[in-house]
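The two complexes that follow have chain A in common; it is paired with chain B in the first and with chain C in the second.
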Partner chain A sequence: MGTKTLERVSAMPAPTWHSLKMNDATVEIDEALAPARDIAIETDAELGGADAFDAALDAAQADWDAEFGDAPVLANYEDEQANRLGGLALSEYQKGVDAAEASKSLRAMYEQGMGEEAARWLAEMAGERTSLNVAASKACSASVLVRGIDASVNTAALDVIVDDGATLELAITVDSPVPGYGITGTTLRIFAGKNAHVTVRRVQTLDDSWTDLDDMGLFLSNGATIEIFQTVLGAGHTYTGLAGDLRGKGSTANVTTHYLGHGEQELDFNYVLRHHGRKTTCNLYANGVLAGESSKVLRGTIDLIRGCKGAQGQETDNVLLVDEAVKNKTVPTILCNEDDVAGNHGATIGHIREEQLFYLASRGLSREDAEGMFVSATLEDAWLNAANEDAKQAIVRLGNTIVEDFEEAYL
Partner chain B sequence: MSEALLSIRGLSAGVDDKQILDTVNLEVPAGEVHVLMGPNGAGKSTLGHVVMGEPTYEMTSGTIEFDGQDITELSPDKRSRAGLFLSFQAPVEIPGVPLTSFLRAIISGREGIDMKRKEFRKRVRALADELEMDRVYLDRELGVGFSGGEKKKVEMLQLLLLQPKLAILDETDSGLDVDALSVVSHGMEAYQRQCNGTLLVITHNTRILEHLDVDRVHVMVKGRVVAEGDASMIADIDANGFEQFEQAASAE
Partner chain C sequence: MEQDTKKKRSQVDDIDRSMYDFIKDESGQEHLEAGLTPEIVREISEKKDEPEWMLEKRLKALDIYNGFPIPDWGPSIAGLDMDNIVTYVKPETDQQASWEDVPEDIKDTFDRLGIPEAERSYLAGVGAQYDSELVYHSMQDSAAQMGIVYSGIEEALHDEKWEGIIHDHFMTLIPPTDHKFAALHGAVWSGGSFVYVPKGVKLDYPLQSYFRLNARGAGQFEHTLIIVEDDADLHFIEGCSAPKYNVANLHAGAVELFIGKNAHLRYSTIENWSKNMYNLNTKRAICDEGGDIEWISGSFGSHVGYLYPMSVLNGRKARSSFNGITFAGAGQNLDTGCKVVLNAPQTSASVETKSISKDGGVSTFRSSVVATPKAKDSAATVSCASLMLDDRSRSDTIPAMDIRCKSVSVGHEATIGRIGDDKVFYLMSRGMSEEEARTMIVNGFADPVSKELPLEYAVEMNNLIKLEMEGAIG
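Moving on, here comes the complex of A and B:
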């Protein structure tokens, strides 16, 4: 058995310098790992198959065609003034966006955060897709438990279709309750109908011998809100990719990520949120601690596409580096092709300052104690904010392996 | 061997090539309340930080003995664990660390103070109530978004939780309104009462001393302790300021 390689996973839409080696990720997969397909789902939503998402997207296409089908495509090459001067020098990214916009196909423009190949592989490993369907104006909840199974790939392919005015609270826990080695993952396609509200809380607490792949794609109709809370506390290798199409007027996507890197863990995050609709809003907020020799890459792209007047995008990554050996790369990117918009980005990356260290020392904490406190505090905060008992137990299990007497001392 | 809990002898210190403290001698016996006063820039806060072991400052001469042990070469965390406490004039913020997590960490492994989680939570809540501090602050990130008064209350909370042998309070009264000042004064009294505590209060304002039974006053000017006396000096300083001491120091 050899190794399968997924190339160009979680690629940035508009690449940065190649020498930075952060435009995308490469995922190595041991082909000896067998699909496990052991996923536990509890929900009061209606369960269905793969067709529901496609049907929802087709319905959204019909609505969109009725409103915008005859409208001219507002693409870069349509700039008449530039055309008279010989045309714009477009980047590969701009050409790609123009082609997608010209297709007027919501399906062609819909994307998954980790990219097509990774999403397809995750779905293949999962076997069949399961859909959680929430009828218009209903409120439902669901919990999904993905456990690491030794020598296996255990993934879930989930579609979430929340109809107009409906609400869904979805909690996903990814844990490794027994020792082993393998891959876990989820690939989600989330459709939020008009004024629908979807909340997803995903907590990952794998031991270091595991790799986790977290892939999501979002579609938002008029007035819809999707809130994603990702808590990444474990796994030797973590890949998180999220892409969203803020298609509907006044739709909102809020993505909050808390992460903890320790030991030799490698964390990779990719976010792409594309504003098509007017007065759309997105907030990407990441906050984490890197300890030991861990490393992290975060790519955050907010794409303000021509026509999304009144849109607002905000992205922030605050990372605390508590050891000298950690590595962090953060690229917050705002792509803007529309005048009447607001896009803000920022990153705060820093070590513990000397005055902070002295303050902690004056309270009896050595540098080593202080580093341990940041790790414990991240775990404790995750426990306090856990969505359900599965997540709490998973955090306690991992916490006890990282921090001595974690449960007894901190919870 | 002195009977003093804290004994500073011939201490000179500075930062880079600039000398701030010049041959300071100062003793604080156990159970007493001492006040270190002086004009702005005299070096009072520097002395507090040097005693706590802040690495920013370089000690060029002298020794510091605490509780019968020479702590001159000890790191700040070990000085803390030996029973020394410094309340900061401007406590730092530690984003990402809830106050409760921080408090749990600072008592961890301390003999006689470390406690089980239920007892700890009960104790911390009781202290917050005693200091008229909203309990919601306990789950907030340390110092982040706290007012000046709340930050000083957190310092007092730590003082009462850690029960050190000696507390150096560096300008704890600065920037506080009347209500917050009253709470801080209450914290100092509680520390003395509950722990038989020893205090070295650094201030240039006599107001915070009204509620304290002061044993001795030390006056610092230009990095030197230029005068010492009993509590009656406070009224004198209140009436006449530090000019007399500054003039005497200049004359030397």
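Moving on, here comes the complex of A and C:
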């Protein structure tokens, strides 16, 4: 048994210098690991098979064709002649966006955050896709528990179809309650119908011997809102990829990520939100602490595609660096092919400010105590915001392994 | 009427670039064959009677060039066929120290560009390159008496006093292994300037090099090497232009700047190549302890541009600042920005850029800030603003940060948007036309860059913006 390599995982759509080594990730998989297929799902939504998502996307295509099918393609799509002098010497990714728009196919433009190959592998390991279907105007909830199982790959392939005006609260907990080594993961396809509201809270608390793959793709119809809360506290290697198509007018995607890197953990995040619809909004907010010798890469791309008039995209990454040996890479990208938009991004990377440390010292806290507080505070915050008891227990379990007497001292 | 307005908005006539867009007869000039072979590289070296070590460097660079892939992350350079690019075109004159001795049509070129007049008015020295060779180089006596050396780099290479220094510095900051076009430059470089400012010398007036590429389908590969010793101070200005042809021209120059302890260098560029130019230029500065590099950069021309001046802050308390503006119009894909490496304690960098896209032009701001583990207590701020003047254009922002030191503080912010209707309305209510109002707003947007330029250059930049804005209502 050897190693399987997934190349170009979580690739950013517009790459930059290869020498920076941040355009994409490579995932190494021990082929000796066997699929476990041990996923616990509790829900009051209707369970179904793999067809529901495709059917929802086809229906959205029919609606879109009726409204926009005859409209001229607004992108700068040009043929090969365009590369000659006098034409526009578009880069590969610029040509790719234009070609996708020219296809007018919602399926062709739909993406998973970790990329096609990783999503396919996760789904293969999961065996079969499960869909959570919420009928129009209904409100449902679901909880999914993915446990690390020794010498195994344990992944879930979930489709979430929330019809017009319906809501779904989905909580996913990924934990390793018993020692072992292996891979966990989820691959989600989320379809939010008109004015639907979907909330996903995913908490990952694996020990360092595990690798976690978190892959999502979102499709938003008119007026839909999807809120994603990702809390990444553990795992030796974490790969998080999310892509979203804000297709419907007035749709909103809010993605909030809290992370804690410690030990020698490697964290990799990739977000791609493409604004197609008018007056669409996205907020990408990441906030984390890197301690020990941990490292992190965050790629955030907001793509304001021609025609998305009135769209607003915002992304922020705030990173607190606790120890000398940490490594942080951030590339907050905005691609913009529309003038009537507002795109903003910001990043703050650094240590606790000297005046803050001085204040804490005047209250009797040493530098080390203050730095340690940021680690425990991240865990405490995750516990306070956990969606259910599974997640709370998982955070306490991991917290006790990172911070001495975490449960007694902080909760 | 509405149809007319729409047409007016989407179709902007090519702007009048007659100031820059004039072609001189190439007859009498010596052209090497188009393409890139070891024979051509040897021929260039032989013509320049170079030391053996330089020929070896050239041939090694050619090997590296042939092994490098074309960059896959930036604008397409498919329209650039190296087999059709003439890498060496010698004007029909040697380098002169007096404009009177420069052949009439070449002198007329630089007269029209205002170079001799600028020299008389406010420059301490001027170098003028025409295609592959310097045709004029001169510096005021007062600067020479201060010990400043400003000469053609090939002239310095043939001077025993400077050959060793050039050997020790040439393409050490930009090695041919850096990227494909650095390797190309290493193989076929020709012309360019050498500046040496001795310790403690501060020059009050700028030096300027102007590069004019007149030959059709040719490349220009000048090399600028500047050494500013400890506690010295220099302002260097670089200008460039070319007439427009219907075939590709290539500019792949290199600028290497060495800044000593507590020395200061301001490097200002207004790039106004014609819109058939592939501008694949590389600029890099390294600062010793307390050294300070200031980049002022205006990019207006070129069909395709890859330009990212890089600052390597290698000594404690070294500083860099980058103020840049990029204006991408019809048919242009300009990928510009900067790179910073914080590689010593208490270093600091600030980056402020503006980009403007119109008439289907594409502007990409690309940057990297890298802080190594040595960069304790260092700081960097990056701010980039992009203005979209219509919905056919494109503006991308790709800023990368790689921080490997906990006591480094990095702040980054970026905005993309268009000119607010309320601002235009306000100015129109004060009696301006829409075009005047928009031009004024764009000038204001560009102000952080133009105010850093000497007055005459700020005026030239504002004129370029005005030229670009003509008819750009939408």
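Just so it is clear, the second predicted complex is superposed on the first by the 402 of 411 C-alpha atoms of A that agree within 3 Å, B and C clash if a C-alpha of one lies under 4 Å from a C-alpha of the other, contacts with A are read in each partner's own complex, and residues count from 1 in each chain.
Just so we're on the same page, contacts are C-beta pairs under 8 Å (C-beta built on N, C-alpha and C of every residue); 3 or more make two chains touch, one makes a residue touch a chain.
Just so it is clear, the structure is predicted and the values come from calculations on it, not from any experiment.
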item: Three-chain arrangement built on chain A, chain B and chain C clash or fit; value: fit
item: Which superposed partner A:396 touches (first chain B, second chain C, both, neither); value: neither
item: Cα-centre angle that chain B and chain C span when viewed from chain A, reported as a multiple of 10 degrees; value: 80
item: Touch count on chain A, higher of chain B and chain C; value: C
item: First (chain B), second (chain C), both or neither touched by A:333; value: second
item: First (chain B), second (chain C), both or neither touched by A:287; value: first
item: Which of chain B and chain C A:90 touches, first, second, both or neither; value: second
item: Contacts of A:342 with chain B and chain C, given as first, second, both or neither; value: second
item: Partner chain in contact with A:366 - chain B first, chain C second, else both or neither; value: first
item: Which superposed partner A:41 touches (first chain B, second chain C, both, neither); value: neither
item: Partner chain in contact with A:374 - chain B first, chain C second, else both or neither; value: first
item: Partner chain in contact with A:18 - chain B first, chain C second, else both or neither; value: second
item: Minimum C-alpha separation between chain B and chain C after superposing on chain A, in Å; value: 14
item: On chain A, positions contacted by chain B and by chain C; value: none
item: List of chain C residues in touch with chain A within their complex; value: 72-79, 246-248, 276, 303-304, 331, 333, 335, 360, 362, 364, 366, 368, 370, 373, 386, 388-418
item: Touching residues on chain B, where the partner in the complex is chain A; value: 52-56, 75-77, 79-81, 85-86, 88, 91-92, 94-98, 101-102, 104-106, 108, 110, 116-117, 139, 158, 162
item: Touching residues (chain side chain A, partner chain B) in the complex; value: 287, 289, 318, 320, 353-356, 358-366, 369, 372-374, 376-378, 380-381, 384, 408-411
item: Complex contacts: residues of chain A adjacent to chain C; value: 14-18, 20, 22-23, 74, 76, 83-95, 304, 306, 309, 319, 321-324, 326-351
